[in-house]
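Below: a set of structures, written as structure tokens.
Two complexes, one shared chain (chain A), two partners (chain B, chain C).
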Partner chain A sequence: MHEIVLAIGFGIVTSAILALGAVGFSLQFGVSNIFNLAYGDIMTVSAFVAYVTNADAGANIWVSMAAGAAAGSLLSVAINRFIYTPFIRRGTALFTMVMVSLAVGTVVENAVQAIAGDGFRGYRLGAVKSINLAGMSFTSRQLIIVGIAVVSMVGLHVLLRGTRVGKAMRATATHPELARSCGVPTDRVTAIAWGISGALCGLAGVALALNLAAFDFTFGQSFLLIIVAAAVFGSVGQPYGAMAGAVVIGMASEIAAVYVPSLKEVVAFALLVIVLLIRPNGLWPGAFVQKMNVAAR
Partner chain B sequence: MSSAYQYYLATLLVYFGSNTIACWALNLQYGISGVLNFSFILFQAVGAYVTAIFTLGPSTSSSYQSYIAGARLPFPIPWLLAMVAGGLLSYLLALFVLRPERRDFQAMVMLVVSIIAADVVVTQKGLFNGHNGLAAIPKPFASKVGSELIRYGWFYVALTGATVVLTYIVVHRITSSPWARQLRAMRDNSEALESLGVNVRTESTKVFVVGGALAALSGAVLVQFISAWSPGAWDTAETFLFFVAIIVGGAGNNAGAVLGAALVLGVFQEGLRYLPSFGYTGLAESIQFMGLGLLILAFLWWKPGGLIPERRRTFGGAPGGTPPPSLTNGRTRFTVAGSLTRSLKRN
Partner chain C sequence: MGPFGVRSGRRAVVVASAIVMALSVAACSSSSPKSSPSTSSTASAVAVAPSSSAPTAATAASSAASSEAPATAAATSAAAATGSTLNIGVIYPFTGSNADQGAVGMAGCLTGVAQVNAAGGVLNHKLACKPFDTKGDPADAVPAANQMLASSSPVMVIGASDDAVATSPIITAAKIPNFATIGDPHFDNQTNPYFYRLTPSDALQGVALGYYAAKNNFTKAAAVFTSDLGAQTSVPPFRTEYKKLGGTLVSDLTLAPGSTSYRSEVAKVIASHPDAVISEMDPQSAATFWSEYLQLAGKLPVVLGTERTSEGDWITAVDKAVGDKVFDPAFTSIAPYVEFSGPGYDLYKQYLGSLGSQIRDSSQYTGHPYAISDFDAVTITALAMTMAKSTKGSDYNADIPKITAQTAGATVVHTYAEGLTALASGKTIQYVGASGPLVFDQYQSAGRAFAFFLYDAPTKSMLPKTVIPGTALAP
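Here is the complex of A and B:
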């Protein structure tokens, strides 16, 4: 019993990091209709930017995390503005865009390796305090990560539901042409959405690196799969679905790790398969999935 | 020619043959049908593993490697079993990976499958000997041809060549069949095809299975030459390489797939071997992969059709007469979907 309570504790932390990543991924897909496979590599870049500011420049880890988020945000906006948008304007089919994003991801990942080199590294951190809560054990940093995730999720909810920008984002996601003809500056709204999701991506990258203690230039790409699983689970393009997917997959994989440690990711994947068998387009297929391959050409 | 170079050449040719088969398989799926098989390398791996376990003989506890269902079967049977396994696995995966309606959505699920499969093979040592993989896989006809390296190498090149020719006959028949016309229509406009009463998921499943079986064959050809197979041989990055080959060569036509296999997998990768080594370990490799990424972006931007673009298929006039003017709409050229409408109307 004690192990399970402990595992729930790990699950909360994993879910929090996963939620940051999956919601950002889902938001990009919702607004631009692109599966951004470079997402994991942008996480890597953020983690390395945070490393440079933290270990090399000596900044506090939370300052570094902000720097990582800013880097993720800038890089995401730039990639969307200078690579994805021109391809889409040219009439590239959406399924070819997957190849485009994969190519971008490969370039980014290997650029990081070429600059930073091989090998694992970790942040320079002070002593850590261990906190016990209802039988679960956390470090103070893990609690801050969970706090950041919760604040980000609530913030995103307020943004999407309570502000004009959020409304414009939802309009752009549902029907870009209609939104444009109603006077929504869709290009700017899309750029803002990519900026926000890039920041979430950066936060997820630094938080993951912090939680793993050591990371190299491939770690973002390998975590991307579980982010995709969470996002697909809750129907990609639906930020709330992604939150639910993150919690379910994060919890399930950590609890499964108690019984079969080697198969914790397989369990996450099995959940995804079951969901796809029952609901082919994920838990909450919204307006986004109806936009089919041809619609946006 | 010195013997070392002869053997090197034979090795290159066997790789080229195996890659050609694999590129045709992926071309059937991605180039012709628009099915983004991001778990492609998994099927090549299955072919290799199945061939290995059915040539190695029963797994004994004293052996340094453990695997399931070992047997020692004569030459063509392991390859055929590999194809069956590839097709069967494709069918099982198609049950859920092809369920989402969007193709990029499907691609994500396949990518997840591919990574997880590698995870399972590494952690479940009883399956295919885990991380170390299988080694000392016997070569076909080794007792008859003799173990002399060069002689056997050229024999295997001939065997590979024969397999490639046989595969080409099958692939060519498929790509020039009416079914391929349906598949191209599915790639270009799946909704239109569906509105004509074709079940897109059934057709995707069929092409997924055929491609999976051929991919397994390419793995079978390769594994009996190199005699070893481990999870390192089928990293997800390899799938990416095959996609680059198809896009550079020209998606949607078999000649393009061969050219892509030769250029990307042969010249580009092999040519880098001759570059002087520089920097720290991994630098050359990362620059190589950056080059591949940029290459794919450049091709998709400037030459989306690849070096040998797919022939524009026009159907000017139905066989045995000019089409009715109401259908031509003043033009004599037809798109694939248009001709499909007509042929369905005729029947």
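Here is the complex of A and C:
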């Protein structure tokens, strides 16, 4: 029983990190209809930017995390503006856009390798002690990451539900042509959405790198699959679904690790398949369903 | 309707297609190590870039520049070779998480080539190393092997590691001798006459682990290995030997490599109170696992790793995760033994140091058993070619085992130049090079002893401390 309680605590941390990544991924898909396979590589860039500010410039890790988030945001906006949007305006098919994003990711990964090299990096961190809460074990750093994830999710909810920009995002995601004809500046709204999702991507990248303790130029891409799984699990394009998906997959894998460590991810993906068999649109009701062609903007 | 509404369309097909794409990306990405390779690798990439079936722009420029040039230093007493340049294919991962394997292979090849070229080359030909990238995936290794044969016509091949299962049939079908540092026990009884294994079997590595742990009073050990092939091949023989010698496995875990967290698994191991942890993981998984172990337990146990633990990239990753002060006393390894002394080794070091910008941070390969073995492979091949008076694989292949055989009355030589002189005098030779005697058995595997390695902080490498006698590991 003690092992299960511990695993739940570990699952909370894993879920928080996955949530940051999955929600950002879902946001991009929801607004732009792009299954962005370069997402993992943007996480890597963010982690390396944070590394430079932390290890080289000597900044505090949380300041570095903010720098990583900013880098992820800027890079995401730039990729969308200068690469994806021209394709979208030509009415490029959705599947072709997936290939484009794959190519972008490959370029970004190789660029990181060329600049940073192959070696592993680790952030400069002070020692932290374990904190026991209700039988679960955390470090102060992990609790801060969970806090950042919670604040980010709450902030996103407030943005989507309580602000004009959020309403414009929802309108653009639902029907961009109609939104445009209603006076919504869809290009600007899309850029804002990519900026926000890129920031979440950056936060996820740094949080994941912190969790892994050492990372190299390939780490972001190697964890893309589980982030996509969390997003799809909760209904891709649905940020709330992505949050739920991250919690389920994070918890499932940590609890499964108590019994069958070698199959922890198999359990998580098996759950994904079962849920999709029962609910093909994902866990979240009212799932976002995509057209085959990316809507021209 | 949710915040992003509902649209009609073939959503399921698109999403399913994209998931397949994402799975393909993950499968092809070498960041999630499919194997914790039994071959060696180091953190710093060599300054060359390999050809592959999809060469990148970043790598193409450096490839041509750095894959050929012989060493800038050393002896020039021999006459210069005037014939065409002969290529040695070096086929390993050069990109992805196992990119260090390629760096190691090139270090050994370039050093061997430098020695041979400095002594005048082979039968009037210079040698050159040509890298080819398997990306750590058999699906990419096969086209890389085919491209290697088609574009460079190699006279010998060094590599691959775990991908050798895919590449060696292609290479040896072309009657090209293939030297590999692969510990996979599938090769223990291989009969391909053109395939040579330079490293002991992982099965023997497992026996060595069990023997050392039991004999050094680690009677309650935990076994923690990742589920990839490279790590798992050592596990069954380790369990058998350890239990045979009276050890008790208090925890026996197989981990999924490349997970975001191992805290649950770490908690299980801590709860079993082991007096040592026997382990093999890839660098990323190891960094995550051991940092979480340190966080949960407050300290690390004695960790007895395999050869993987002694490789530069592993040391770098885990050292950054747990810190120098914790790393030093905790991590040890059992790995194939190289004496790191003698005229052959001294020459290896000399040529390694002379490579200059061809190799990034060459000092990390000074004590690398696989780079040293690859250096010897080049020398052995060059001597075999000389003996056969031919650079054609089908002509000189049969002479390879003769070069290192312990033949009665043979003249022991330690360098290529010495071997040339002895062969020119009509003598039978036994080459004992940088890695010591490399005597090939009937399956063309070179037997080698194992040793217990301790971490040496000044050199940031594992150095041998205690040799495990071969008789102790005999079945």
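Observations, loosely collected:
As a working rule, the second predicted complex is superposed on the first by the 286 of 297 C-alpha atoms of A that agree within 3 Å, B and C clash if a C-alpha of one lies under 4 Å from a C-alpha of the other, contacts with A are read in each partner's own complex, and residues count from 1 in each chain.
Definition applied: a contact is a pair of C-beta atoms (placed from the backbone, for glycine too) under 8 Å apart; a residue touches a chain by one contact, two chains touch by 3 or more.
What you see is a predicted model, and the numbers here were worked out from it, not measured in a lab.
On the superposed chain A, the two partners chain B and chain C do not both fit; they clash.
Once the two complexes are overlaid on the shared chain, A:94 sits against chain B and chain C alike. Judged by the touch definition given at the top, the superposed model places A:85 against neither chain B nor chain C. By the touch criterion defined above, A:218 reaches chain C but does not reach chain B. Look at A:173: by the touch rule set out above, it reaches chain C but stays clear of chain B. Look at A:280: by the touch rule set out above, it reaches both chain B and chain C.
In the superposition on chain A, A:130 makes contact with chain C only, while chain B stays out of contact range.
With both structures placed on the common chain, the touch criterion links A:103 to chain B but leaves chain C unconnected. Within the superposed three-chain model, A:262 lies in touch with chain B and with chain C [touch as defined at top]. Of the two partner chains, chain C is the only one touched by A:139; chain B is not.
More residues of chain A lie in touch with C than with the remaining chain of the pair chain B and chain C. The clashing stretch of chain B relative to chain C, chosen from 279-287, 297-305 or 315-323, is 279-287 in the chain A superposition. Contacts of chain A with chain B, set against its contacts with chain C after fitting on chain A, overlap at residues 35, 94-95, 98-99, 102, 105-106, 110-111, 113-114, 117-118, 222, 225, 228, 232, 236, 262-263, 265-266, 280-281, 289, 292.
Residue ranges of chain B in contact with chain A, taken from their complex: 34, 36, 95-97, 99-105, 107-109, 111-113, 115-116, 119-120, 123-124, 189-191, 240, 243, 247, 280-283, 286-287, 289-290, 292-294, 296-297, 300-301, 304.
Interface residues of chain A, counted against chain C in their complex, comprise 3, 6-7, 10, 13-14, 17-18, 30-31, 35, 37, 94-95, 98-99, 102, 105-106, 110-111, 113-114, 117-122, 128, 130, 137, 139, 160-161, 166, 170, 173-175, 208, 211-216, 218-219, 221-226, 228, 232, 235-241, 253-255, 257-258, 261-266, 280-281, 284-292.
By the touch criterion given at the top, residues 35, 83, 86-87, 90, 92-100, 102-107, 109-111, 113-114, 117-118, 222, 225, 228-229, 232, 236, 262-263, 265-266, 269, 272-273, 276-277, 280-282, 289, 292-294 of chain A touch chain B in their complex.
Looking at the complex, you find that chain C touches chain A at residues 1-15, 17-19, 21-23, 25-26, 29-32, 43-45, 56-58, 95-97, 99-100, 103, 227, 253-256, 258-265, 267-268, 271, 283-284, 287-288, 290-292, 295-296, 298, 313, 316-318, 320-322.
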